[in-house]
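A, B, C and D are the chain letters, set down in written order, and residue numbers restart from 1 in every chain.
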Amino acid sequence: MDQDRHERLVGFRRDLHRYPEPAWCEFYTTSRVVEEVERIGVDRLRLGPEILDGDARMALPDESVLAEWHERAREAGAREDVLDACAGGYTGALATIERGEGPTVALRVDIDALPITESEGVTHAPADAGFRSANEGYMHACGHDAHATIGIGVLEAVAESDFSGTFHVLFQPAEEVIGGAKAVVESGVLDDVDRLLAVHIGLDHPTGEIVAGVGGFLAVRQFEATFSGESAHAGGHPAQGRDAVQALATAVQNLHAIRRHGEGDTRINTGVVEGGTATNIVPESARIEGEVRGETTHLKEYMSERADTVVEHAAKMHDCESSVETTAEAPSAESDAELADVVYAAAGETTGVDSRLRSAELGGSEDATYLMDRVQRRGGLATFVGVGTDHPGGHHTPTFDVDERSLAIGIETLADAITRLD
Amino acid sequence: MDQDRHERLVGFRRDLHRYPEPAWCEFYTTSRVVEEVERIGVDRLRLGPEILDGDARMALPDESVLAEWHERAREAGAREDVLDACAGGYTGALATIERGEGPTVALRVDIDALPITESEGVTHAPADAGFRSANEGYMHACGHDAHATIGIGVLEAVAESDFSGTFHVLFQPAEEVIGGAKAVVESGVLDDVDRLLAVHIGLDHPTGEIVAGVGGFLAVRQFEATFSGESAHAGGHPAQGRDAVQALATAVQNLHAIRRHGEGDTRINTGVVEGGTATNIVPESARIEGEVRGETTHLKEYMSERADTVVEHAAKMHDCESSVETTAEAPSAESDAELADVVYAAAGETTGVDSRLRSAELGGSEDATYLMDRVQRRGGLATFVGVGTDHPGGHHTPTFDVDERSLAIGIETLADAITRLD
Amino acid sequence: MDQDRHERLVGFRRDLHRYPEPAWCEFYTTSRVVEEVERIGVDRLRLGPEILDGDARMALPDESVLAEWHERAREAGAREDVLDACAGGYTGALATIERGEGPTVALRVDIDALPITESEGVTHAPADAGFRSANEGYMHACGHDAHATIGIGVLEAVAESDFSGTFHVLFQPAEEVIGGAKAVVESGVLDDVDRLLAVHIGLDHPTGEIVAGVGGFLAVRQFEATFSGESAHAGGHPAQGRDAVQALATAVQNLHAIRRHGEGDTRINTGVVEGGTATNIVPESARIEGEVRGETTHLKEYMSERADTVVEHAAKMHDCESSVETTAEAPSAESDAELADVVYAAAGETTGVDSRLRSAELGGSEDATYLMDRVQRRGGLATFVGVGTDHPGGHHTPTFDVDERSLAIGIETLADAITRLD
Amino acid sequence: MDQDRHERLVGFRRDLHRYPEPAWCEFYTTSRVVEEVERIGVDRLRLGPEILDGDARMALPDESVLAEWHERAREAGAREDVLDACAGGYTGALATIERGEGPTVALRVDIDALPITESEGVTHAPADAGFRSANEGYMHACGHDAHATIGIGVLEAVAESDFSGTFHVLFQPAEEVIGGAKAVVESGVLDDVDRLLAVHIGLDHPTGEIVAGVGGFLAVRQFEATFSGESAHAGGHPAQGRDAVQALATAVQNLHAIRRHGEGDTRINTGVVEGGTATNIVPESARIEGEVRGETTHLKEYMSERADTVVEHAAKMHDCESSVETTAEAPSAESDAELADVVYAAAGETTGVDSRLRSAELGGSEDATYLMDRVQRRGGLATFVGVGTDHPGGHHTPTFDVDERSLAIGIETLADAITRLD
């Protein structure tokens, strides 16, 4: 990749890094993506309303939150036409190149950020180089800024190539809440895809390493458990209260204590808890935002059923009512070796690649599995490509960052692989 | 009390009820009190900055919260001069009548509201009669609107009487967070008081019943416990996290499990909990706003020491750090029978009183104990007077309300008692 | 009391102290009591089978335990005729003096010991003086050895007095498990009692102090909660197990966390727990022996209902079954002031008494309340007399001991009081 | 195998099944093994004292337990000379055939039983056919009766074959407590082994299936955690107690809640808990027998360190002291493919084998890993052979049983494999 292009892409990535937006609020991000796509020129560009089944969007925030980020994007300089189109949480874009006969290929990149406060440490490059998050409390701590940049880079490279067929780049919203892919799938816009490539940077692989087919995605269910009791004066009538926070604490302890399973890995997290209103009032309500995962869908369901049971009886034990709602879900998935082999071959030709792996285990979850599952069920092939990058802090931590050299490596490998498909 | 005055006082009470304000944010309330005091006419009227030791204010909210309520009070029609005087959480007022020789007597009423959402039920009189809280999420659920009204009523009655001496009415802020009385005490403005009467409505006593000397206040300590761990991706690297929410849950369970004490009553509440940032991130921070109480200061300290130990080791068990800060505290106290006897006698002459009790146990806490303690230590006498009122819901619940007939009963009993003092 | 008699009584007490026997196993103790009663000579002496309703005996141990203690008593030198009479847990005795006209008066003393290993410390008098428990693991750690001695002493003193009427001394078994008094009541043998005195030594009152009417007995319910799950290999198939120990742990934590009550004192204890069979097997069964108490019967029932709920849902949370059985129960009770006054007066005449209290709160439980309740319901009067004694360790601890000077004080006060009744 | 031999071996297995003995108490079992070995005739037979490093025996029971089982074995008909030799927990035997030049080969079988009460159900073959456990509360619920039988059968077959070299059969005690293999290793008796085969029946593989090289043994640490507090009267002075059972419950809950690890499987079990002495006494001591496991030694250590931390702070939280002692430990291990291939080939020739697997994961722990580790470190090869058997109930459950047809299959496969080694 020539120096100019590299600098332009790095600049784009840093712009996105500076304006991280949470799931379904990627208004500024979508606007910037649109600008870049229009600069490249494509045959078709569709925004959120055209590529999302609105009712299938999971984990959508409140109207007021959406409105606040909408306004914030405007202040950051987002285009009014894009803001209008995406209003109400219809973010993301699908850019399409149509080049006559050939396979329909899709590249999926995700674009949302996380509710993490970015490090201000001098050794944290974004802080040092002046592109630390301007949206305090939010951060691109999983590299989706790099993913969007790779999407733009690959789009540009394929557009310039002799690729024949149809090529989509999906800039997908709301991956972090496992909420976006299902809405894309349900809209049907990818039903014609023969070959799907999804991409993720880092994952503990170093710069220069490519994983052609990541597998071992954990099936996941995210849920919100709510507890309802009854308030009372904590000094005068403590026993008249029914304490939702005691129910919550009992549930948290016992959720983590769900027995491990002999058939494989499981996970449990109680990521957000809150309850009560005042120090001297017996808390009448409380809630947990949590998740369970399993190496297989069966194991995820084991955890899920146990979690429901724990919540129900933690509530009843304290005379409270409870409910558990699923806010997001994704199946497990495996990459197709046949498609991964193409990526593996392309990586062998890419400057900067010094290590190739045919496969590796993720040990996490991704809603790309919805897309992979749909393509595979309809007879197509899918692979999830890992692009290594040296990252100082772990994913989802305040010092996460990417080695920008890996942008070119990822773009060239993927573009080369895509032009090899037929 | 004549009908006009009664209607005026009821109107005043309902106005305050409609605009409940939490501790240290009683800007509108103070403004309305000032208007009434000025209407009555007193020798001296001092606002927050003159009667509070700023550094001794406990449980002060953030600047932004103070600013928001300040603005809200303006919109509700508070006077600009009062708003200016009270800015930054210097709420409350001290009205003083000076009438030559005689004792220095003080009546203390408190004026703040609670973070409770008021009932909209048709059987809830404020909702039915149109003076339900306009500050959604906040409510006069402990009758401090009635207390402020009694303060105004007694001030007016004493002003019209042949009382000789000095008479203060203290409209005290921030009782609900046990945060205001200490700041008044530390300012020294009540150091000359010979006789202190504090008043509370309801307390499970019916309309027509007067308790001349409430005792048995529970000593209380309110605290904030914070837990700090380390975030990690809950799917990929769960064991790299140090989970502050697991520490919180362990602490909540074990705080409630602090052993009961053979020497008397204790209390524990974990009134507010929160932790974590996202469903799929191991929570790195969490906190509890809680309180412990004891029938004696010794028992409160027993609970307090145990609570500190529980928090410390709940944190360490999960490799987290923790701290516990005291946000408010009050001692236990007893009313002086000699002063209560005067109230008891006065109640015997009051229209509408059909039951008198020399004493009763509160079973709760009150920061009036700071004031009582100061007056008693300096050789004065203090009593805490209960004015019964039929209240449909319990104190600190969404359907709490007062029987407005009790306003006149309380005012007449207290005013009569005050004029009997010498 | 003359020196000889005092030495004889001290010797008797030390003999009992050396052979502590748990509830329903007081075979040796009963035998020794019989010997002393026969030495004194009474009109009627009835043993367990004649004074107990067998089916009403609560917390009866297994046959094998009864048999073991039966044998142990034989080895210690118990009389064969008494052993035969008491076989199967029919322990205790009722000695009766009939002296013509006059009231029917009963003195109740209890005789059982506790499963506590007695201190071997040199400062522990029984260890130093050679009458430390010979029944390792069991101990008279609540002074029932002294109670039995007082019973003998009073019997002898009344027999020698000019008392007129009927006088019973009840040597009651199984107080520590709150299991004996009900069986005596149900047998009807005390239905004719006009005046009942029960006695307890110590209770944190020093030697020389007499409490004429102890009150404030906590109502109590003792229970056994059992949990049934399913075993599984903990390494290979952990999720196939249903873990009764996890259910137990959840229950223990939440039992202690039952909310305190605004109306008065409550208690909870999980005194014995056990579960599981091997380190590498998921435990399939577990059980708790626990108790709840309340200042009133209502409060005891509050705790009891909450405890049942906690156990039920702790089990269900872990897919286990559970049950809760009541093993013992006693109501709360108050002493009659009229009868206590007689004791108070007698204490005033007793050598060695330097402090008299008309009443005091116990803050514990006692199955004497069953007896008091029956007598009071039939129109009689009852009082529970406290005989102070300096005790180095607390009741129910390994260093508990009594000051033997208090034996004479208790005997003289009680005997004097009894002879004053008419 | 001819019918007579089969019947003899089945009879032997049923005899052992009828007299299950726990770890280090296999007195009767060793006696019966000796009788069979002597019947076959070997060059050398060594009993426990000659093959065990006494100090390296882990999880040895108390003297009194050893003595009780020693006596029980005598009553069941064990030989006096064997009883004498094995006294004090020196159980097990090593039978050796020396046949000139050739490799030194060892077959290891384990012989102990579990503390599980065997099913009395009519569908449970041992109950139906009259060889249900005579040692109530103990059971061969993991097939070690079959293992010992296979050891005898293979010894006999190899003795009759043209095998050349040295052949040991190790009848190892105390596998269930992971306590025996280390003591054998430390004695050095197997230091000359070139090829080690261990065998296990069942493991969810059906009759007719052979696994040539089982792998994936979980590393394991078994521990005993003890908690020491202070007793107190639960009614009168609950706060004077320091409650070891509350500490235990907090520990159990938080042990199970140790975070799962991203690098692989872990396990936790709290297999035995007990605490306290009486319903009305605050418990002063409690203990947990538990275990942690990990897919790798590193993961086992992660669990182990977390467990220590949990126990320490669960105790401190309740003002108790604690300690954690390791009672048994075993590393993880893998079978050597080269040796497994020989078993695989032999299985192909065995009547009744209809399915062969080169490898499979155990998902449990085994102290055979100590033996495998020693042989492999000294340059030898080791494999752990699985002999499938239809088993109605799972391992370590009351209805576990083996299909006796699998005895011949296991014997013939192993004997054939051993004679193929050179």
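Remarks
To be clear about the criterion, a residue touches a chain if its C-beta (ideal position, glycine included) is under 8 Å from a C-beta of that chain, and two chains touch if they have at least 3 such contacts.
Everything numeric here is computed off the predicted structure, so don't read it as measured data.
Separation of subunit A from subunit C in touch steps, taking the shortest path, is 1. Comparing chain pairs A-B and B-C, the larger number of C-beta contacts belongs to A-B.
For the touching copies subunit C and subunit D, the fraction of interface residue numbers used by both exceeds half; the interface is of the same-residue type. The distance from the centre of subunit B to the centre of subunit D, each centre being the mean of the chain's C-alpha atoms, comes to 66 Å. Separation between the centroids of subunit B and subunit C, computed from CA atoms only, is 47 Å. Across the assembly, subunit B contributes residues 236-238, 240, 246, 250, 253-254, 256-257, 259-260, 262, 267, 282, 363 that each touch 2 or more other chains. For subunit B in complex with subunit A, the touching residues are 114-116, 176-177, 203, 218, 220, 222, 231-238, 240, 245-246, 248-250, 252-253, 256, 267, 269-283, 286, 289-291, 293, 327-328, 362-365, 394-398. Note for the complex: subunit A touches subunit C at residues 236-241, 243, 246, 250, 253-254, 257, 259-263, 282, 302, 309-310, 312-314, 316-319.
On the subunit A side of its complex with subunit D, the touching residues are 253-254, 256-257, 259-260, 262, 264-268, 363.
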